[in-house]
Structures are given as C-alpha cells and as structure tokens.
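Each of the two complexes below includes chain A, the first together with chain B, the second together with chain C.
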Partner chain A sequence: MIGVELSKLFRRPRTWTTIAVLNALPVLVAVLVRLTDLAPRPGEGPPFLSAVLTNGALYPLAALAIVLPLFLPIAVAVVAGDSVAGEAQAGTLRYLLARPAGRTRLLVAKLVSVVAFVLVTVLVVAAVGYLTGTTVFDVQPAAGTSVSGTSLTQEELVGRTLLAIGYVTVSMLGVAAFGLFFSTLTDSPLAAALGALAVLVASSLLFTLDAASPIAPYLPTRYWLAFVDLFRDPVLWRDLTRGLALQGVYVGVLLAAAWANFTTKDVTS
Partner chain B sequence: MTPVISTRGLVKRYGRIRAVDGIDLDVRAGDVYGFLGANGSGKTTTVRMLLGLVLPTAGEVALLGERMPRAARRVLPRVGALIEGPAHHGHLSGRANLALLDAAGPGGSRRTRTRRVQEVLEQVGLGGVDRRPVRAYSLGMRQRLGLAGALLRRPELLVLDEPTNGLDPQGISEVRELLLDLHRGGTTVFLSSHLLAEVEQLCTRVGVLDRGHLVLQEELATLTAPTGATVVHTPAADRVRAVLDGRVLAVEGSRVVVRGADPAEVNALLVGAGVPVTGLALQRPTLEEVVLAAAGSSPDRVEGAR
Partner chain C sequence: MSARAHGVWWRWGAVGALVAVLAALPAIVGALPASDAAVPAADLRDAAVGSADVGFSGYAVSAGGLRLPVTQQLTEAADLFSDRTTMRVWWRGADDHRVDVLGAAGETGVHRDAGGTWTWDYESSVAARGEPASLALPSPPDLLPSSLGRRLLSEATGGELTRIGARRVAGRDALGLRLVPAEPGSSVDRVDVWVDRATGLPLQVEVVAAGARQPALDTRFLDLDLGVPPASVVAFTPPADARIVPAPDPLSAALDSGRSSPAVQLPAALAGLPRRPLEGVPPAVGVYGRGVTQLAVVPVSPGNTSGLRRALHAAPGSVVGPAGVRLAAGPLAVMLVETPDLRAFLLAGTVTLDAVAEAGNGIWRLRPS
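Let's turn to the complex of A and B:
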C-alpha cells in the first residue's frame, strides 16, 4: 500500500514540476547576488545569504532559508491537501476503499508519501543549493564560519547542515499534518491546501503582532527559522527543541483528528 | 444456502431525510439481481452501504455470509464493484491503473499481476490497448476499464452500478454477453440500474426501490407471468365486442384485450365470426408496467405547493 502511494506520487509529472519550480527561486537569487555583488548585510534578508559571498558551500542553507517562509509550505500544503481529497475528487477513493485498501492503512500510506515528498523536496533544494553555491560562488573547502563568527571544521559544517535539513523537514511535517487533516474533511483538494495555507498565513501574521504575544510560543510557524541556531557556537538548542516539541504536538493531534474523521466518514464522492 | 447479499432493516439518514428507509435485500447465489429505482430513490446509497463506503444509521449488511463493514478485509477481495461510473488516474495508462488498484489491497499476488491485468483487459475488449494515458480514453473505453477493474480478482459477486453507461449499442450488447458469460461461470451479479430494458434482458430477480423503500422484490418470471388475458390486434375492434360479449376488458384503437388464457380459442371464435385478426398474444405485463405500478412518481420531480 505504501509502495502504491509512493509510486503514485513520484510517477506524477506534477510532483517533479513542483520541485523544479521550488528550486528556481534560490538559483535565481544566487545568480542575481553574484552578478550584482549586492548581498544583504549580515542580519538582514534571508539568513546565510550574506555569508555565501565568502563561502559558496553555505548556499544550501541560504536556499532552504529562501524557500522556507512561503514556497516550501505551499508545495507541502498542495501535496498534503491533495492526498485524500484529490482521490475523492477523481472518484478513485471509492474504488480504493472497495478494493479494500482499509481506511487506516490508506491514511498511513498517504502520510508516509507526504513525508517522503517533504524529505525529497528538502534534499533536492539542499543539493541544488550546493551545486549552485559551489558553481556560482567561491568555495572555502577547509571550513566555514559560524553565525557567531567562530570557525567551523568541514565535518562540523556537514553535520550541522544535515541536522538543519532534518529540522526543516520536521517543521514541514506540521504543514503536512494540517493539509492531511483538511484533506479528510473536504472533497476539494484546493480547499484543503488553501485551508492549510490559511493557518500558516494567520500564524505568520499573529507572530508579528505584539498583542498576540501570549500565544506566540504556540504558533506553528514560531520556530521555523530556528535551524539558524544550529550554526551558532555553541549551538543554541532552546528554540530547536521547543520547535521539535511543538511540531510533534501539532502532528500528533492533527493526525489523530484526521484518523478519527476519516475512519468514521461516509464516502459519497 | 447462505444469501450472497442480505440486509436487515437497513436505514441511512442524512439529517432529517431518510435516504434509505429500512430495506431487506435478499440476493441469492446464482442470481442476476436487477436493482431498480428512479434517480434519487436511494440506489447508490444502498450500494455504498453494501460495500462499506457509507456507514448505515441502523440495520445490518451481510455480504457473502459475513457482516459488513466489520469483515470488509476478508469479504471485499471476493467482490468486484463498479460504483457510479469508472474513476481512474488520468495521467497513467489503463494497465498502470489496474496494477495499482490490484496492489492496493489484499489478495492480489504480485507474481501473476501482469498476466491477470492482460486477461481482464482482453475480457472487456481492451486487450490491445497501448500506453496512452486514461485521460485520452473515450467514455466507452473508461467504462470497459472500470469493468476490468471489477473483474480483476475473479470475484464471486459483482456489484455493478449502471455498467453500460456511455457505451454504444455494440458495447452494450458485448457487456451483456460478458455478464451472462460470467453468470454461467457461477458469478452472482447485482446490477443497479434505471434502464428497465437492460434489467429485463439480463436479470432473473428484481428489486424495486422507491423513496428509500423496497417496494418489490420478486423473480422476474413471476412478475411478468401471463395475466390470464389475450391481446388481439384487429382492424375491426368494434366487431370483437359483438362476438365476445362480456369478455372484452379494454379497447385501445386496434388493440383489444380479451379475457381468456388460450389465444387459440379466442382466435377460433373471432375467425369463425369473420373478424380479421392481424396479431394475437398472451398478455404479459412488461417490467415497466410492474415498476410503475409499484413505485410512485419520480422523486426528482419537485412540485410547487398549492
């Protein structure tokens, strides 16, 4: 069942178009920065973008930081929102369930395929970012520089980059859980994806509002950019662990709700 | 003999509307069961409840002797279904669609998959289909592909909702032959349709649904048994009344209905009296007459309040 869902997802041209489009923006940014030599000053603009002029090997992180606020969540919300509602709209859901695929199994397989999509997308962004960074910018192969100004060894840099990739993936699982939950509520994949995006837009907006500060620590997008803390010296774990815990709670609650809804629902599509 | 489909007091309520209101279906092994009803009479909801897609508000469903939806994982692999038209992934080929559907549930061995897919494609007349995506298929090809999906695991029971929808006359007759063939091989067929002619040609038993109630469930042969009257066609209808005084039940133009279950006797009387007879037959009610008598007006009529 999981194999079926993975093959459906990755045999679909749309999946790869999404990933390709997602990579176009960081590549464009890299070319523009290189041509104009106008990187944002340290502390402004997307994280790491000022550092890549001196070391192109940091560009995967800059690329992730560029797609993280909007592009990546949109892609994840579209795929997650499509997971069940897309089958319902196409009419294939009733045939899957009459096969019988089993409702819980189907939901688990859909979840796994969405997680696989998140992971593949983040890895491709990082890989394309690395290729772009090393071709467009100068590379200092020996080491990198941490955000705090101290130097990092090659191994430290690689290890922390991998951790950052993992952290971004977990952050996206929250979006995926919202998308999957809404996807079980409606037969319209568009409505499910927009629902998940609405949650994220609301969360980002509330985050900037002082009056919303009491609920700020619980907003799903609150700790997304905390992966930058992995590149401080020493690593600042506080926000990272809170971010992981928060995503864990969101994912747990939303998946339970999605399961409760989907297993008791009348499939009339 | 355990019934293949049996429901007891099956009810589905949507808010205040009772879409299906306490029906007791009884489909036996070897039946070709015609499930008739106007649009909106609850046919589709019932079919979905049989397959565990819609959960009943009250009542029980047993499929092949086991309770649904509890035993879905054991029972449904033995059931093939075509529910409200076919549905496939448009960007994949027909073969890929069938292979994915087969892999999505229990009872489909990976080793034999390619062969089984080819077999059912040949069975429904798509054996030579190429790699083009289902998106490019005609309506009739999609319908055939949907039927192929239902046949993939050699089911004991076929639940088909409007299986000839979108097919041309040749296609309809091919599907009819295919279903009769499967039926001879021992498959029980549950055919939901609003096409009376289709049901009349195929089915051995009929159930009629009207506004959520099962108003009729009977052998087709019993329903269309002779009424004990003879239909006479003659250009001189007025003279029949004179010859067979008191036995004439109805006169409609050149068609006269006469009491008497022996056409030969009626014929002899009329010809003896010099009345020309152009046609003669035992009167049998058509399925249409039976269904119209059992069910009320079409539920998708919306009358204005007066």
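Let's turn to the complex of A and C:
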C-alpha cells in the first residue's frame, strides 16, 4: 500500500509543479542579490544570505531559510491536507477502504507518502540551492567560516549541511501531522490545508509576543530556525534536541488523534 | 453501549490520556522542590562575590523591560536592557572567557583575554579589538547572572541583606539572597540573587524597581555545566576574510570632551551620594554612590548634545526643569544638564527622579575653575 501511495504522489504533475514553484523563490533571490550585490543588513533577512556573497556553497542553507517560514509549510500543508480528504472529495476513499489492508495501514501509508514528499522537497531545494549558489556566487574551495568565526573544513560543512537538511525535514513533520489530522476530519482538502496553515500562522504570531513567552517553548514553529545552531562552534544542541522532541510530540499526538478519528468515522464518499 | 461506540471512547480516551500526560510533564518538572540550607546571608554573599574563578559553561537568557531613549551611539547598550538577550558562555576566569549573544541568523561573540577583547560579528564579518577600560558601557558579559550578581553584591552591607529561601535554577539548587539598598535616593526596591549552593555562583538575578511588581531586569542561567572549559573554545583568531577594526567606544567622545572642556571640579557629593575614586578618567567624569545605588556624570560633546536632547524630549514621561530634561526608565534615571555657559552633562544612574534632579541642579551651578 505504501508503494502505491508513493507512486500516486510522485506521478502527479502537481507534486513536481509545487516543488518547482518552491525553488523559484530562492533562485530569484540569488539572482537579485548577485545583480545588486546587496545582501541583507545584519539582523535582517534570512540566515546565511549575507554569507553567500563570499561563499556560494552556503546557498543551500540560505535557500532552506528562505522557504522555511512560509513556502515550504504551505506546500507540506497542501499535500498533507489532500492525503485523506482528497480521496474523500474524489469519492475514492471508500474504494480504498474496501481493500483488506485496513484503515490504520492506509493512514500509515498516507503518512509515509507525505514524509517522502517533505524529504524529496527539502533535498531538491538544497540541491537547486547548491547549483544556484555555486553558479551565481564565488565559492571557497577549501573551507568555510562558522557562525562563531572559526574555520570549518569542507567535510564539516557538508556534514553539517546534511544534518540541517535532516532537521528541516523533521521540522516539517509537525505541519504534515496537522494536515493529516485535519484531513481525517473533513472531506475538503482545502479546509484541511487551511486548518494546518492557521495553526502555523497562529504559532508564528504568538512567538513574537512577549505575553506568550510562557507557551513559546511549545509552539510548533518555535525551533524551526534552530538549524542555524549546527553552524555555531561548538554546535549548540539545546534548541535542536528540543525541536526534534517537540516535533516528535506533535507527530505522535496528532497521528494518534488522526488514527482515533479515522478508524471510527463513517466513510460515505 | 455498542461495540462501535466503545471503540470510539477507547481510542479518544487513549489520545486524551496521552495529551494530559504530555501537558502535565513541564508543570511536574517545574514543581520539583529546591533544597534549602541554613547559610547566613553574609556567608552567601561572600561565596557569591568570591566565585569569579569558578569555571563553567552555560546558556543564559536575560530579559530587560527598560525602555531607554537611545541615540545612534548607544543603541547596542540600550538593547541589552530593553530586549531579550540569549547568551552562551564559557568561563575560565575574569580575564579569560567567551560570551556569545545568539541571534536567529548569527551571533556576536565577545572573547576576553589578558590583553583585551575580540568582538566577532558574524553577519557583518567584522572582528573588533578593544582594550580594557576603567569606564565602559555595559556589554553582554556584564549581563550574565554570575557577573551581574557579583557586581551588585560586591558592596552590599550586612544590614541590606536577607535570606529568601531557595529555588531551582538551571536544574541546580539555588539559595536566595535579597538586597534592599539603604540609600534613601535609590530607585531600586530590591535585588534578588539566587546563588548556587555548591559553588557560590550567582545563577539568577532579578532587579525590581521601586513601585514595580515585575523585575526591570531578570537574567538567569537555563543550562549550566561546572568545570573549566577548554582554552581552545575561548580563544579567538579572526577569520582570514574578516574585516578587523578597533572596537567602537561610545564613551571615548565623552571622555575626550571631558579632557578638552574647561577645567571643571565636580563636587565631592551629589544628591547625598559621595564621589567614588576612578582611575584613568578626566576630572569632569565622575561616579557617585555605592552598591546598587550609583550615579554617573559624563560630559557630552557639543556634537552629541542636540541628538540626546531630542531623544530625551521625545521619550514618554520626560520632565523638563530649569537644569535640563530628565527621565526614568524602570530603576534607571537619566538627565541631560545644559549649563548657562553651554556645556552639557549626562547624568545616569539607579536613583529616583528627585535625586537626579537634585544632582542635576548641583551640576548646573558648576562654573569653570
């Protein structure tokens, strides 16, 4: 069943269109920064964008930072929201459930396909970012500079970039879990995706309020940008481990809720 | 109840139980009691003041509620007291430590060695070298609970200190010490310092202004590892592509102004606060008071006077008097005094508005000697 779901997801033109659109923004930003030579001022703009002017090999990180706050979660919410509700809206859900595999296995298969979409999307953004960065900007062949001002070897830079890709992927799993849960509540994929986005917008807004600081550590978007901590020296694991744990809690709770709802609901479409 | 309804209740009950357990965990961890000890206040103060050589590394956060009027030269110092500052620290000693101020997209690291400080700013790729100074604006290391706690307790008398129980800070038992300043002109209601029971290291400092309920400044460790960190982590060598500059010193203009201005003999006391001896500063610069009640007097160069005057006049709550304009931001009082012979002085300190006005009048009446 997992293979069927993966095949269905990646055969859809809209999946690749989404990924292509997602990459358009970082490419546009790279071209504009190169043409104008205007990097963001300190304290403004996405992480690493000012550093790519001297080392284009860092552009995968800048590209991830560009899409992470909005574009990437929108794409994940749309795909996750469509996973079950899309089948219901198209009238194919009851036929899927007619197979002997059962609802829990269908839910797991949908989850795996959403996770695969997240992973492929993040990898493509990083790969396109690398190609863009090394094409548009100068590259330091031997090493890079950490956020703390120490030297990083090429191996360290590659290793930490791979860890950052993994961390961003995990960070998106919470969005996917919200989308999947809402997708089991409604027959409208749009409503499910908007529900997940509403949670993220609320989380981002609350994170900026001092009055919400007591609940800030539990907001789903709280630790998204902690991948920057991988490039400090020594690596600051505090927020990274909390970010992974928080996403694990959200994924666990929301999948349990999705399972409780989906395995007991009346499926009529 | 049908089997289907039973299944619904069972499944949602399991989900609800999972959520309840997860939601209760932070409250349970936070409610872990701290172990108190019968340590007298004077002994706890001595332990805190003597903790400068305790090696540690940690993660600290400070939250300031002071809305300070700022000029372009003083923005960074003002931000320290008005924003939330997240810091990483590796401490080998008073002259050998590193404090990084973390930002979402970078960091600013202050590396202290025997000869001075390197300040590394990642986003602008600038490494600035500074020399130790007897009078300097606050910098991130000054906001660490350990440094601030030692500084605030260093001149506290026995009569100003009381014990206030214990709490857990950064996972460690911290003994509470309350400082209530004795000076009548002080704008600080109290300072609560929470001191590590085992090492004497201040782990949390809360400064509460007179008449306020919330701390004007709260700085605390969230993580702390005892043990001397490696020298390699603290040391700093500027990256090859970094721009190396001398560290900006916003006070240098004031000190230069003090040196070049007509000879001024500051009074021996202002607003009832005696003048403190300071080495390496011109006679026109003075610091008055003791402990947590201090007032600094600094001459302002003509080029900076109008900007400072505009910032103070524009700030809500500013009071204009014959000697100048004054303002209170939490426990901090600021006053710009412009004398009849067109000299200007900035007064800033932890005194009441009445006390700073009295001090301002004393400065306003000064004549070149």
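Everything below uses one rule, namely that the second predicted complex is superposed on the first by the 265 of 269 C-alpha atoms of A that agree within 3 Å, B and C clash if a C-alpha of one lies under 4 Å from a C-alpha of the other, contacts with A are read in each partner's own complex, and residues count from 1 in each chain.
In the analysis below, contacts are C-beta pairs under 8 Å (C-beta built on N, C-alpha and C of every residue); 3 or more make two chains touch, one makes a residue touch a chain.
Being a predicted model, the structure only gives us computed values, none of them experimental.
Asker: Is the arrangement of chain B and chain C around the shared chain A a clash or a fit after superposition?
Answerer: They fit side by side.
Asker: Compare chain B and chain C by how many residues of chain A each one touches, and report the one with more.
Answerer: C
Asker: Is A:R238 contacted by the first partner chain B, the second partner chain C, both or neither?
Answerer: second
Asker: Is A:W259 touching anything from chain B or chain C once the two structures are fitted on A? First, second, both or neither.
Answerer: In the superposition, A:W259 touches chain C alone.
Asker: Using C-alpha centres in the superposed arrangement, which angle lies between chain B and chain C as seen from chain A, in steps of 10 degrees?
Answerer: After fitting both complexes on chain A, the angle is 140 degrees.
Asker: Just to be sure I read the superposition right, which of the two partners does A:V27 touch: chain B = first, chain C = second, or both, or neither?
Answerer: In the superposed model, A:V27 contacts neither chain B nor chain C.
Asker: Considering only the touch criterion stated at the top, classify A:G3 as touching first (chain B), second (chain C), both, or neither.
Answerer: Touch partner of A:G3: chain B, not chain C.
Asker: Per the contact definition in the header, classify A:R94: touching chain B only (first), chain C only (second), both, or neither.
Answerer: First partner only, chain B.
Asker: Mind working out whether A:R12 is in touch with chain B, chain C, both or neither, as first, second, both or neither?
Answerer: first
Asker: Report for A:G102: first if it touches chain B alone, second if chain C alone, otherwise both or neither.
Answerer: first
Asker: With the two complexes overlaid on chain A, what is the closest approach of chain B to chain C, counting only CA atoms, in Å?
Answerer: Taking the overlay as described at the top, chain B lies 6 Å from chain C at its nearest C-alpha.
Asker: Output the chain A positions appearing in both contact lists, the one against chain B and the one against chain C.
Answerer: The overlap between the chain B and chain C interfaces on chain A comprises residues 264.
Asker: Taking the touch rule as given, give the residues of chain A at its contact with chain B in the complex, in rising order.
Answerer: 1, 3-4, 7-8, 11-13, 90-92, 94-102, 264, 266-268
Asker: Write out the stretch or stretches of chain C touching chain A in their complex.
Answerer: Listed in rising order, the residues of chain C that touch chain A are 4, 7-8, 11-12, 14-15, 18-19, 22, 26, 59, 84, 88, 100, 102-107, 109, 120-125, 127, 223, 233, 236, 238-239, 241-242.
Asker: Note which residues of chain A are touching chain C in the complex, please.
Answerer: So the residues of chain A in touch with chain C come to 42-43, 45-48, 50-51, 54, 65, 145, 147-151, 210, 217-218, 225, 228, 232, 234, 236, 238, 249, 252-253, 256-257, 259-260, 263-264.
Asker: Applying the document's contact rule, which stretches of chain B touch chain A when the two form their complex?
Answerer: The contact residues of chain B facing chain A are 48, 51-55, 72-73, 76-77, 79, 81, 83-92, 96, 100-101, 103-106, 149.
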